[in-house]
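I'd like to ask you about the structure that follows.
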């Protein structure tokens, strides 16, 4: 049975759920699951509804627009494989985890290509019949490098870019082309240890727990809206290298989980935070 | 601002949310938070709505009854301190945790009394000005013992009984007087290690994680609907005694958490399972 | 720098550490790390020592044997890739996780072959240049089926067999050929939900946490010594299918972790329990 | 059976374990448990040995000093209740948790007094027959305030000061009097959210996990050696206030755990990090 997901966010006011479910009811649609949240500090309303049934999409959207406040953001999501592009540097664990899920139909996405500034993951990627683009960054400007990235990305028409341990900083200009559409995995429990070498920082500080954070990328590095985080305990026996090894398993699971949430339309973004209906 | 909680469970059918939120809207009530769940294997619907506003409670219930299917269970919960009675045996950690939360206004309940088959927790209980009843079980029948318990419990008019490490088995007859109103903390990750001495069993089996389970008590020991569970890692260095020590912190937190869920009307029970809107 | 690991287990008595480290010292070896544990209920001693330096292995063992009680089990482990064989049925996630770690040199093992009673994982396995043997079990006796397994396993000379979601029960006769050398991943938090369909059982029981257990296989199904366990929270929204999906990530991580512990000589077995120096 | 704990830390060199266990053996002492760790980046050695038996303590220490390098720090710890003083501000949960454990003989310490800059926890403290000193900080200098604290602390001869949610900053001069002897609970997963209002910061940042950190206090606020950390998940439904509520249970457990580690001589400090033999 195919289902449709309706996502609404707007200023809160009395009667919104009644209004929206009324329109769903009058279009003879059957709600499968429904979730709402009101951010009371901002009086802001979020609703996610999965429903089944056939309907006149144009009229449905029209009815919602007429009924809801003009600021309302309304999205209808028909189940489909979204296009994604994956950017990596040298580490295999996040990329391979996504390639495998993709290969076994567990990712609601088409991996259109993998792009890297190194060559070592090409063999792996090609095993799964995914195009791999090697775009070295040496001896060229960031502008030039990103221009080539964009040229390779454009024909893929990706809904999301996934930075699966891509270790280069993207320019604000690049990022602004994909607002809330770039997902990064950062190898620390943000906001602890922003920036480079978080495991070295974690060792230096002597923490007893390390973590990983999947987040949307915005102009300020490591400061975008957090989608998912997870942690594991470490001890004095872990040097930065052992922390990095232990951290990899957390990183790949957190990235895959966040991507699943995003691809199943469970993530709203507002005010640099996420609302997640899981 | 005072709020009211509406809890509905009934067979699912199209339009239920629309119907219910319509009645809420027409009574000019303002929804603060709303949660629904449909158990699709049973086509069964659950909804919890917190709303604010003044209203004619009789008419409101009447309107809901008229609109909803006859099997619908409708509960209106006005914020209030519920009466509870606590039963304990000899261990202090769960009882003291509840006494402290109660004393500092963190428990939406009045602890009307503590009843024990031992005397060692009397001093502690009296420090917090809570009546303590010592009801020894030696040299008497279970029937006789429980009759005395009931006599002490009756004037307290408790909505819930809390078994805060009460180590005696209650008779089915006793339990049937409080359907889904007795909350027990079991010192294992149920259904592992039902019955007596779960930590000894856990040591024997060589598990690497232990846990605690808060559940409603039904006639079959340790088999009632689970409200909350939590775990902690253990190692070969933990004997049953160290497991028990480590487990106590989990037990008291899980019991307090489950009680908070129950007292804030977030727990539905059906088919020996719970639906929890947290 | 290459290091050697010495593993000793024997009845406890005063002076054992002094005795053993004395022999290490006299052979001019340098201890890198040292761990001991005494199981006081049994007065049984475990010690694991990593040391560096060149030495006369025969004389070293001889000196240890002379000094230690006759029941002492002494193992010297020189770092090397151990041969392993992997048995699978239809699920890809545990197998692929091991294949990837193997491919990127993160597993101290040679995967000599993958054997399955189904064909669907052959493509995946061959991508990584590992032999795949399809051994169907239909219309033949268990005896006959296992005879073919053994014939395929024998030339690989595996130190360990890894059951990476192998869903068939092995006969006691088969198991006895590999004492404490078969590692299984069970998709529940043992001893909860032994046997088939643990996720269906977990849904039925309404648990709030699910888990996975890696253990050595002995004659009694699901009752061998536990190596590693891990858990994740679930909610009323998880049916058996969603539990299974969520559980897969735990299963693969727990299996990989347990294999890493075993391959780095950190696991002792005694009395159906493990002592793990992590 | 009474046991003694020997703690040694010194520059590493070959044969240390042999040397130390030899002295233990020659004094006819029986090792109950033994743990070592070498920090290889610094070539620094840590050893903790619990042993039983009667011995000439002066000669034993003398033998160790003669054998070990001159920089070696040698501590002998005879089991005893250590004196501690607790400083609090207004929150009850950490204090009450320690008072209860103390009252039921689960803390290897004598709580000599509780000192606060507020009065609201006096009733609670006195229930457990512990002296409570109210030392207001208003309209006086920090110097003056701390002088009064020190005057109250001095006669208690505490081995450790426990800051159980003491919300005032202590001067470097005060701190230097108790090197690695002040234990603080910080209500965040350090180094995330140093300073004031960590839960407000956590809400603002939109994190999905919050935590608590117990650490020794040194001159730089929130930057001392970490003893223990723990975390719990949060969601978009948690405002700073709900995070604070949820966080309290983590804070009290982490503080109690860290205190237990310290009081059982399991914590070494070096280079602003801890080595913990748990």
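Here are some notes:
Chains: A, B, C and D, in written order; residue numbering restarts at 1 for each.
Heads up, the rule we're going with is that a contact is a pair of C-beta atoms (placed from the backbone, for glycine too) under 8 Å apart; a residue touches a chain by one contact, two chains touch by 3 or more.
Here the structure is a predicted model, which is why all the values come from computation and not from measurement.
Shared contact partners of chain A and chain D, listed by label: B, C. The pairing of chain A with chain C is characterised as same-residue: of all residue numbers used at this interface, over half are used by both copies.
Chain pair with the larger contact count among B-D and B-C is B-C, by C-beta pairs in contact. A straight line joining the Cα centres of chain B and chain D is 35 Å long. The distance from the centre of chain B to the centre of chain C, with each centre set as the mean of the Cα atoms, comes to 41 Å.
Within chain C, contacts with two or more other chains are made by residues 37.
Taken chain by chain, the contacts link every pair, so each chain touches all the others. Touching chain A in their complex are the following residues of chain B: 14-15, 17-18, 21-22, 24-25, 28, 30-38, 40, 233.
Put simply, chain A touches chain D in their complex at residues 37, 39-41, 189-193, 205-209, 211, 225-231, 235-237, 239, 272-276. Of all residues in chain B, only 92-93, 96, 100, 103-104, 106, 124, 127-128, 245, 249, 253, 256-257 touch chain D in the complex they form.
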